[in-house]
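Can you keep this structure in mind? I'll have questions shortly.
The letters A, B, C, D, E and F name the chains in turn, as written, and every chain counts its residues from 1.
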């Protein structure tokens, strides 16, 4: 009882974080037809700065950490990525009026990971003083890539079964390469390597970390504006996509929280790490996913997967899932 | 006598501020045909940062302030906005070779407010250690919107009287909405609301405020370059516009200083607030004004109003008016 | 023997600097086909920030320095600029399959100066704690402009001799003006003037200097990516250009180091100043040079001079020359 | 196979962009393509690459392709009548051929 | 002097940019010009000026000019066949005249 | 009503932009529209979206529309003669029709 009250209180407090205020501000601006627009170049620069910062920090810290502990959480991350796609295939994909290609592309996107949501979760954990392993953000690709691969492979198997065959043949290798080459993962991995090799502590603290929260606040604003503006895409799309985008982030996150808890018990995975695992499961890819899926499942309508993820899935992940999983961790782990 | 010497000294000292040095640098670069150009995306980002910063600061501070004190200065701001348009209509508008639409659009622009000039004035007050109310920058829309409305209404009345009628009908509501939606006012208001609701002190100080002066210095550089480059627009325009742009900022500012003084006596409006009121009266709109006026008075030639405001009015407001009103305040209020 | 070991150790340590890590990171990203791209607007803004910062710092410090000391190093800088072009003309220009216009344009580019390399050298000196005169970065135009002039004059003399004459006549004055107007030199000079006149210490430290190293790290990343991407231009170009771009930066730098040493002995030119002189000699122009040369030597193929400088010359200057000359200075001057 | 078609190019201020594209949607153009630019005419010189917080005066170049040339001309005429009395801009029409006619 | 030539304009997603320009290189187009834009068709509304880390869905407008009209048509047809079955995009062909024919 | 007109499209390096637009102003073109792009021809591959502090080598696409086709051709020829001997670039001419002919 008491813990439920604590849970609710934690949840509500978190809703008042500046980051969410900027997200809501973005909704409000777009809804009111404001002409304010953050230039595209700034948006792309912010993404670079955030991921380079996350990477550098991880790389600098990783020296002192026991990388063998990474194995189980990484395996779970990959497992979750695949499970999400399979779940999507068997729920969303079997619904009436839902095209299988669209369903698989959407499930792939929700299985993949959003760098922006990850960054927001890291700041939220910081604010609540919950620690996590330096390598935890590096779980990202372990979930991202399997989800994209599985979605594309299932789509092409389905196509072969039903259609006259033909079409582009996409290899698993090309999907992996495409994901690693995306601007988000490139920046994250480059940061990890540079951070690890040259330990640029001063540069990290005096520049990348210095600007981190500020840039994240602007990114939240952009995500809010984008979410609202893309709502119109949804009108062209079956209602089921909206329902899926509302519910699945929470389901995926809880699933990951459970597996993360197992890793906590078995190898001492930290509470903050469990939250991050749950958040990257709940998040959906905004950077590497869409183009990879567009190339891999050309029959899928981008309106379906972009509309439901940007306008519904991402806000749910940011507004509901992050506070929810943090509050849950506070109860479960007593942090 | 002594106070006159003090006045002159204060004025001259202020001319040596770094901000004006960047403005003059901008003139010099453009005059010398330099290829240096600050990218448009950076310019738009700087405007966002400055106004968000001003807004956040206001919002954070406003909690402790007595908002009833805002009423009289806000009323005066609206009054000044209208007076400026009426004065423009009866002076500039009656001059030979001056098209009435052009005159009204120009007067509307000079009645409206420049966010950049406002930011420069806030830094200048800071440098001289003169305090102002946290809500003073929020006087901006109270002057901006009435000026735009009145200019457009007068233009359409004039059109109905003289011409065969027809043409676009612009409602007062649409002008208000257009102004509030402009990127400048959106950012300012959003900042106010976020600042007020979530009190993001750390984010404000560690990011927005940290970069404020630096970005302002770049903005001054851009304004200087723009002022010089747009001089060529003036060649196509009657000389009266140049005369108006030279004299009216000072007149408008002094008028506002007077009304501000009354508010000082009546409700204790601060000396810094009086200066800000005078500066926003002296300034002319560079963001919300031009498109609103273009839509509202389509017959007006943009060369007339943009040339005279950007190339003459803005430099006068920055170089002459800000130091002048600060020096005046130092004498009048003994600060 | 001992000093040789010291030399090697210093060189190797410097190779582990964060700045070079970002450069190598850029190679790696481009080589792996990463989609990460720093927006053009950010690149241009970074260049502005770095040069304005260098300029402001120079301008602020220059007050206390004896400008007469500048004379000999400045004369040497101009001399080196000319020598580099003459050497290029008599070596590269006489090789088989090398078009004279292409050779002169390339030599002109290598005689001219790279602002980015200069900034990297300043940070490297800082890291090793080696001081230099505040005015040393201002040697830049003294080498840059003579090199460009001489290259263009030689090309037009050669054209008159061989061809039917005609073609655009480029005056020396127009070359000087073009160089000074380039975005790099404009920002540097403007910074110098503003720094000297208004001494904006706080603005410099709280903004321009604060962001200097961070922006430089991103610039290094861009330069790495650009170097790799432009390698393809080299395929269309005679092999001699690659050889020239590999060797000449080192030769030019050593030549300048020698002259700098003479200035050290004669007028007390600082060890850090000698290194900077050597580095600007080793560097090749990436901003003012290419367009000036394109306009001045229209017959030259931009692929030749841009490919060899961006892809080979610049990496050599950054990776080999800066650590080399610093290690040399540590031996020679015992700093 | 190539089919005869008509291309209409509209050069206007960005101010009008939303209204023109809305009209195209309503009158049944199957699509349009838009690029941003600068320009000079009887009014202001518009420079795309200069800092401009006021982007409403920038130039946009909108083109649409239609199989039915008469309909294309009607739409063009309507845009000219509705907007180009008060505002800046030009319209021109060129003949073309298209591949994959089912897209239009 | 002006020579008869053919202009082919391809409007496609940026995703295809590299493949299309590679094909143009291989089939012997002497050059091409590319501008970035936005657009609307049967699918997504693509807006160039909105923050978009995913630039692959942006619109590019590629045009190439050729003296040999039949060859130009062949190339156009090949692009349509190779890419425009699965992906978005349109192609149109217009007659033109060029100056300095030695450039093509 | 539509009037016959001629469109001239000039694709050149940005280096030449000011000189070409000045020439257009002087020879009496009533206006022009300019968009920025990238391209490939016999020389450098020019990529608009890559960091480039040297923007002079970028491609600009300038088009102007004129009622008087002969005059348009003269101007086109003059630009070709003045600039396209030394520098990169192409020019092509297409027939068009315009609405609101009083604007030209």
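A few notes on this one:
Everything below uses one rule, namely that contacts are C-beta pairs under 8 Å (C-beta built on N, C-alpha and C of every residue); 3 or more make two chains touch, one makes a residue touch a chain.
Just so it is clear, the model here is predicted, and its values are computed rather than measured.
Annotation: B-C is the more contact-rich of the chain pairs B-C and B-D, by number of C-beta pairs in contact. Farthest from subunit E, judged by the mean position of CA atoms in each chain, is B. The chain with its Cα centre farthest from the Cα centre of subunit F is A. Taking each chain's centre as the average of its CA atoms, subunit A and subunit E sit 35 Å apart.
Look at where the CA atoms of subunit C average out and do the same for subunit D: the two points lie 46 Å apart.
Subunit F has its Cα centroid 19 Å from the Cα centroid of subunit D.
Multi-chain contact residues of subunit F, defined as those touching 2 or more other chains: 35-36, 49, 94. Counting partner chains per residue, subunit C shows two or more touched chains at residues 37-42, 44, 183, 211. Interface note: chains touch in the pairs A-B, A-C, A-E, B-C, B-D, C-F, D-E, D-F, E-F.
Of all residues in subunit E, only 2, 5, 7, 21, 25, 30-36, 65, 94-100, 103-104 touch subunit F in the complex they form.
Contact residues of subunit F toward subunit E in the complex are 11, 35-42, 48-49, 59, 61, 73, 76-77, 80, 84, 90-94. Across the interface of their complex, subunit A is touched by residues 39-42, 44-45, 48, 177, 180-183, 186-187, 190, 193-194, 197-198, 200, 202-203, 206-208, 211 of subunit B. Residues 16-18, 21-22, 25, 28-29, 32-42, 210-211, 213-215, 217-218 of subunit A are the ones touching subunit B in the complex.
Those residues of subunit E lying in contact with subunit A across their complex are 13, 15, 43-45, 49-54, 56-57, 86-87.
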